[in-house]
Structures are given as C-alpha cells and as structure tokens.
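Two complexes follow with subunit A in common, the first pairing it with subunit B and the second with subunit C.
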Partner chain A sequence: MEKEADTARRRFLARATGAIAGMVVAPGVILQQVARAKPADEPVTSAQRWGMLIDTNKCQKGCDACVQGCVKENNIRSHYGPATDSQWIRKVEVRDRNSGHSFSLPMMCQHCAHPPCADVCPTGASFRRADGIVLVDRHICIGCRYCMMACPYKARSFVHEDIGPEEHVPWVPRGKGTVEACTLCVQRVDRDGANAVPACAEACAADGHDAFVFGDLNDPNSRISQELAKHGATEIRADLGLDLGIRYRGI
Partner chain B sequence: MKKVNYRELVEIGRSYWGFLAIVGFFILLGLGAAYYMESNGHHVTGMSNQVVWGTPHVFAVFLIVAASGILNVASIGSVFRKGPYKPLARMSGLFAIALLVGGLAVLVLDLGRPDRLIVAMTHYNFKSIFAWNIFLYTGFMVIVAIYLWTMMDPVVNRFKAYAGFFAFLWRLILTTGTGLIFGFLISRDAYGTAIMAPMFIASSFSFGMAIFLLALFAIMRSTGRPLGDVLVRRLKNVLGIFIGGAFYFVVAYHLMNLYATSHHDVERFILLDGGVYTRIFWIGQILLGTFVPLAMLYHPTLGRSRGAIATASVLVVLGGLAQMYVIIIGGQVFPIPLFRGMEVSSSFFDGVVAHYAPSLPEVLLGFSGMALAVALSVVAMRVLRFVPESLADEVVDPHAAAAVAAETAGEEETGAAEAA
Partner chain C sequence: MTTTSILSHALRRWVWAGLLALLVPGLAAAATPLPKIPKPRAKFSATQDCVQPIPEMRRNHMKYILHHRDETMHQGIRTTRYSLKACINCHVQKDPKTGEYPSIETKDHFCNSCHSYAAVHIDCFQCHSTRPVEYKGYHPLARR
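Coming up: the complex of A and B.
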C-alpha cells in the first residue's frame, strides 16, 4: 500500500518535472528547429560540410579543458592506463628543434574529405557522412584495426576492454573489440545544426580561451568560413591532400 | 622421367598419432589464448593504441606470404616445365592451402570481434585492399584445390597445365595484395611504398622454399622413402637464389628510404639506434636469415649436407619471422610524423617510440597457426596420395642421376689410376 503511494508520488513528480522542463525548453527547441535543424528522419546531405577552426594562439599550454569536455560528454573512462585507454582528443605540444618556438594544440579526428581510414576499412564500418563527419559504424566494425594503421593523425582508439553499463551514454554506441574516434559530437550536430557546439569547443569557451570555431565550411556566411577567408588556416600533413575538416591557425 | 607413384603416409605407425597429438595440443593452446584475449579484451596482450598489430600479425602475415611462396615448387614444374619438380607439385599445393588456412586462422582470431567474421563476408568496401584480400585468399584456396584435383584425378588431368598457370598468376596477385596492405599505408614512414609488393613476393619465394625443404626432409625421413641428392641439390640451389632475390628488395627498400631525407629518421631507427628492432634486423633478418644460410647452402661441403641444408632452411624461416617483426612492429613503434622536423609530445605517445613486448597469448596464437598448417598437411597426406613413394634421382631425374653416376665412376677411376 505504502509502496503504491510511493510509486504514484514518484510518477507525479517525474511528470511534473518533465512538464516544467518541457515548458522551459520547448520554445527554444521549436524556434531552433524552425531556424536551423533538420528533422531526425531526414538524411544528412552534402549541403553542409561541418568543420572546426582551431586557433592555436588561444590554445593554452597545459590546459586540457577540451579533453575533459570530450571525456565528460562521451563518458570515456580510463581502465588500464594510457597505452590502451581511448583518447578521442588529446593535447599535443609541438616545439621547433631549431628556433625553440613551441605551441600547443588539440588533436582529434580531422574529418578528412578523403579519409584513409574509410578507404582501408574492409567492411565499410569506417565511413564519411555526406556532411563530412567521419564515423565508425560500431555494428559492422570487426576490430581489424587497419583504420588505425592508416590514420595519419593517430586519431583512433581501439576498445581494449569491456565497457560497463555505467559507461554507456545513449548517443555513443561503444563496445570492446571495436574502433572509435571523435564524432565531432554528431549528436549535438544532428540536434542543433549550425548552432551546435561540440563538447570540446564548449569546454574551451567555458574556460575563457575560445580557441574553437565550429561551423559549416560550405556556407560562406558562417563564422568559420569568414574567419578562414580572412585569416587562412593550415591543415596538418597537408602534403597528404586529404582536405581536412579541422583547420588550425597559428601553426 | 619414370612414372611416379604416390601413396598415403601409411608407413608411420603409432608415432603418427603421437605427432598429431602434440600438434593438436599446440592448436588447443592457441584457441585457449584466443579465447582469453577475446573475453578479456586486448589489454591483456602487448598490443595497444600505438602498436595495434602485434605478434599474431607477424605469424599470420609470415604464414600467408609463405603459403603463396610454397606453391612455387609446383609452378616451377608446371609453368616453367622443370620435370624434376613435377612429383613435388601435389605436396606444394597442399602445403600452400594449409599454410594459408593457418595464417588466416591467426588473423581472424586476433580480430577485435572474430564473432563478426560473417560481417566481413557480407559487407565489402572495394576500395580496401583487405576486402580484395578476402577474395584473393578464398580464391587461392579454391584455385589450388582445383589444381590439386587436376593433378590427382586422371579424368581432369588434361587441364592441369591451365590450372597450374592460373594458380601461379593468382599467387603473384595474392602476395601483391599482402604486400600492399603495408604499401598503401601513407600514414607511416616505414610503409607507403609500392616496393612492398615485389619485396613480399621475393620473400615468399624464399620462405616457401625453406619450409618446403624442411617438410620434404621430415616426410621422407619419417617414412623411409628415398630422396635423391640431385633433387635436394636443385632445391637448395633455388633456395639460395630466392634468398638473394629477397635480399635485393630489402636493400632497394632501405636505399630508397636512405635517399629521401624525410625518411632518414625511420631508417636511423631501424638500422642504427632502434634497440631491439635494430638487433632483430641486423642479427635476425640479415645475418642469420640471409648471409649465414646463403653461405651454408653454397659452401662446397656444407652445401652437400642435408643437416646443413635443413639448418639453413630453419634460419630462413626465423629470418622471415624477424623480417615480419621489423616491418610490422618496428614500423608501428616508430612515431607517426605529425609535424616533420618538430618535437612533439602528448598523453598519447606522440613523438616517442612506443613500447611493445609480445605477450604469451599472442605467441601461443601465432604458433597455433603453424600447428594448424602442419596438422592439416599431415592429415591430408595420411588419407590422400600426395607424397611420391620414391624421390630417388633415377625416378625424378634419370638423366641427372646417370650423369652423377658417371661422374662418380669417373672420379673413382681417376682415383684408382692415381693410386696405381
């Protein structure tokens, strides 16, 4: 009897919370949908090409806010040490041997237009979405790791251990024996369109550095396109001709 | 050439089953190792996000390369019409299939998700050399099986030459595909060069011939069937040529890298200051795997000793494993060049030589692939007619046998005359 009352109270509380949250969030969501996002049942198209511009002049040495943002968003935990843990984004310190000039930058999947990982993948599990995001279909990845051999940026990680139920978040399918990497926070991109902010960029901005600009490389009016047009940027290992979605300034 | 009679390995009694039990034990150990690795995840191996292909790949690629190479014995007989090799063709085809199955088993059992093998059979990305290889490997087994059928069944015997030629072409394409697994990798300095394809082909000739000689000695000795010296001498001379050919490509590969400034760092690592990798290269691959067997095979007295030829063959096999270790592991532990000429560091081992040490399960899995190849061959030879009753010189090469006999008689006569 007491239990029933308890259940009813819980149900009431849950509904009430849901309703209040709905009232608060709905206008924003609806407005956003009208303005930008595509309905979930529509396929992505090549009308957009999502990318990021990272200003290494704003990137602080020793700061790993972006890494922490990614880890939190995708719930990536450490298991058996850095050699086998997944790292979707990492901070790389670079130093010129001759001049001693040094800088720091975040390194992750570069979302190539011609991704070597997708080229070598035997099953097609590694693929590039029409909007430029490079992903791994965790349902058909057989764990051969050839993509990791092929990636020039060491952007991918192999899941070396069991992922416990407490580690799963709904938007990140993960599993032992498959390969994973930065998804450009595809769950946010699909929800918010051009207004999306990947978790790394969000964390960097929250920390006051604001080194990341996310946006549509195909839209000449987007902030990223305008900044690229104005200041230019560099692709890492541009000699490989992979046409990267991630560009850097100040390197 | 006299008519060659083939017979099942019926001579070996109880020791046959004992041998099979030992080989089976190694297969079981490998299966256990694979189960352990898969159920715990790859963190229990020496592999990591830096070295994603470990010791299982060293064994698997070696076995696959050797599989295509061991078919050469049959090809020399059928495609290049060298009579004395023809009686060896059945064994050559059988060993080719067996080695390939052994290598593929290791490769599959090391996958992150071996249970998804069916996915690899139903989803293809035809830009991937791996996807091509799935067809090249399965196709190889089918074609060599047909080739064996044309050799063993008089009804289809007239197609033997065509099957043999097709199998030869296919094996060249197959080893090209294996070499290009690395050749197509533009990301790492040790790979990304087309020479990987002919280098693997040349190496396959030498690995295959060495394994064939070892198998031949073991089989003929354990069954008590005759094996002539002329044939052995031919095979060991060919092995020497193949070792030299493989060495040529290794030299060309390193010269190329030594010329390109961008590749100096990786060359310095492999040739000079790579620690264990440098030692495995110079001592394992070059000294023990190339120069010592060459010297033994062409030495005027050692070259006639079967013990020395067998030892040279073992060295070629060990040198081959060393070569695969240097290519596969050495190529991965050397850091990816993110920013050339710059020092890089990170939490993900950028800019530093990665650590790798083979773990026991990996080694057991690798050995089990070899054991599987041996088991398949031994069982097949017991139930079907793969092995000639005699490989005496007068059977396989009567002319050479007669010439040798005359030469020996001549030497004896001269000796007798001198003594007189």
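Coming up: the complex of A and C.
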C-alpha cells in the first residue's frame, strides 16, 4: 500500500516537473501554444471549446446566405417541403412589440456545455464532444426524438425520408430515421483546427456581411475571445444556465 | 472376414473417393460461383495488399471499422487507415467500360460483391457514401 502511494506521488512529481519545465523556458519566458490543427490521430480535448459569435447588427434581413452555405456543405436537400425537411440553421426575424425595432438572426444548435438533448437521450447517441461540439452518433440513434423535445432552441431535425446514394457526401453521413443538427462543421474543425470556418460563416463572409466569428472560447488570444472580452455578447435563454457555445451580439 | 473381402472393401472405398474427388469441384463450381471481387486502386504497401493481411481483413474488417467509427465519432480521431471512407476511396473504382462508379445495388461494387454472395446485409450505406471522395456527381451544390 505504502509502495503504491509512493509510486503515485513520484509519478505526480515527475509530471508536474515536466509540465513546469515545459511551460517555463527561462524566467519570464512562457511558451505559448500556437493555434494549429490537431493531428489526425489525437483525440479532441477540453483544451479547446469551439464556439461562434454572431453579430446581429451585421446580419441582414432577408438574407439566407448562411442557410444556403449550410445546405451546400452538408448536402441537405428538400424532399417533401418545409414541414419535414431537415433544417440545421434557419433565419429568425425578431421584432420588439413596444418599439417596433426588428432584426434577424441565424438560429442553430447552440452547442450547450450542458446539453438537454444529451441528458434525455436514452441511448447515448446525443453527446457533447470534449471540445464542446454537440453531436448525434447516428450509429446508435434510434430516432425517438426526445432530444428534439428537450432542445430549447428547436435546433434538431428528424430525417423522415430515405437519403439515396446520390444525396450522400462522404464528409457528412446522413440517413433516414435519425436526428441531426448543426455539427459546427465538425469535418472542417477536425481538419483545420482554430483556422476552420464553418460553412455558414464562410457563406456570410463571402456575401460581404461577415456576421460570424468562429473560434476557441478557451483561448484568450482567439478573435472570438477578444471580441467577447471587448464587447460582450448574449446567450439566448441564458436563464436556463446551459452555457452556450453560440453567442449573439446586438440582441 | 477374409483377407480378400477386406482388400475389395478398401479398393471400393478408394474408387468412391476418386470419383468424388473428380465430381465435387466441378459440381461446386457450377452451383456456387465465387464472387468476382473488384480490384482496389493500389496496394497498401510493397509487402502488404491491404491495411491488414487479406485473410485478416476478410474475417475481421468489420471489427476494424467499427472500432474506428467510435473513435472518429466521439473523439474526433480522423486517421484513414481503418476509416470506411478510405476503404471506399481505394476499393471502389470506376468501371473501365462505362467510366462510372458502380452502384451499391450491383455486384460490381466492392462491398456488395461479397456481401451479396455471403448474404450478409449491411446498412452502412443508408448513410455513408458508396463512392470515393473525388466523385464529381455529388449534389451539384456540394463542392470539394
């Protein structure tokens, strides 16, 4: 018993010394981790938390470039009209009854730190990845749609129709009978790391509005963290205490 | 039992065995032709045909891709060695006659060539793409 404790202590000391040696090269000089894409063979960690800041002042009414960008990247086609079609991102018009002031914003999965969808999922198909992206593992999704009920943001869709071989794209497997939602373009995030740009953000920037900022909320030097520190932002239904990955400015 | 009857018994057995040996391969070939498995794009390495030796892959490919599936889905590990996407990229090739990638419904598709033979139903392709990444016929909107 004593020997076990001793080895544990030694291991801890060795790690701690290594960690300190890694951080401090010389007095006053601390190595900073450079933002880069994660090597393909490494798992994602909670060192990152991916999020998005959306500036509704830049978001244009009537513009759906972000929606089209998402549809294009994830190859979402209409089958039998809007009642049953999948919708990963939508534009919402908001109007203040008193002042009459109105604006529009894109609404999608908010990538909660405490996702209600994952809480209610009976199979563990809804889950939050270590880096904060909330996903559906369609391999174990049984299509019960509890998560769709639980989501306060109405962010998820159920795939009602067969998705044929012509509709499949290798980077986004989708199929009938499962629930799906915004993945923050996880295929891009895994490939490009902090330099990734989700399709909605890319389309918005290409349209000249640039309302989206994607980045690492844990990295104080990332653009998103700096903008949040400077101007702040709002979480939708912050009262639920879900700690959202998507933040809005100007609402 | 006399010595002659034992001998004739043994002789008869040999004759039967010989006849069977002649007949059986012919019968088997006529009844169940072996699947024609399409050739992959390239060998994995100079010394190895696939990502594991072929007998191992024939028996256990599903275990490799199942394990990799969970790692990719839940941990974001995107290595290609055991990914289904990489299988498809190498094993599904254009038909030289038509210049098209084979449909998963046909026996010309690598996966279906054997799965239809073995009568093992797979549902991978209800969601996953049956064609390599470079296929240009995906949705006209989808690029890459």
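Worth pointing out:
We take it that the second predicted complex is superposed on the first by the 216 of 251 C-alpha atoms of A that agree within 3 Å, B and C clash if a C-alpha of one lies under 4 Å from a C-alpha of the other, contacts with A are read in each partner's own complex, and residues count from 1 in each chain.
Note that in this section a contact is a pair of C-beta atoms (placed from the backbone, for glycine too) under 8 Å apart; a residue touches a chain by one contact, two chains touch by 3 or more.
Only a predicted model underlies this, so the values are computations on that prediction, with no experimental measurement involved.
With subunit A as the common reference, the superposed partners subunit B and subunit C fit together side by side.
In the superposition on chain A, contact is made by A:Cys121 with subunit B only, not with subunit C. Touching more residues of subunit A than its counterpart among subunit B and subunit C is B. Of the two partner chains placed around the shared chain by superposition, subunit B and subunit C are both touched by A:Lys176.
In the superposed model, A:Arg129 lies in contact with subunit C only, and not with subunit B.
Of the two partner chains placed by the overlay, only subunit B lies in contact with A:Tyr80; subunit C stays clear of it.
In the superposition on chain A, A:Leu240 contacts subunit B only, with no contact to subunit C. Of the two partner chains, subunit C is the only one touched by A:Asp41; subunit B is not.
Of the two partner chains, subunit C is the only one that A:Arg191 touches; subunit B does not reach it. Closest C-alpha contact of subunit B with subunit C, superposed model: 11 Å. When the two complexes are laid over each other on chain A, subunit A has residues 162, 176, 178 in contact with both subunit B and subunit C.
By the touch rule above, subunit C contacts subunit A in their complex via residues 69, 71, 73-80, 85, 88, 103-104, 125-133, 137-139, 141-144. Within the complex, the subunit B residues that touch subunit A are 38, 40-43, 47-50, 52-53, 111-114, 116-117, 119-120, 123-125, 127-131, 134, 181, 184-188, 332, 336-339, 341-350, 354-355.
Per the touch definition, subunit A reaches subunit B in the complex via residues 79-80, 82-87, 90-98, 107, 116, 118-125, 140-146, 148-154, 156-162, 176-179, 236-237, 240, 251. Subunit A makes touch with subunit C in their complex at residues 38, 40-44, 71-73, 75, 77, 127, 129-131, 135, 137-139, 162-163, 165-171, 173-176, 178, 186, 189-191.
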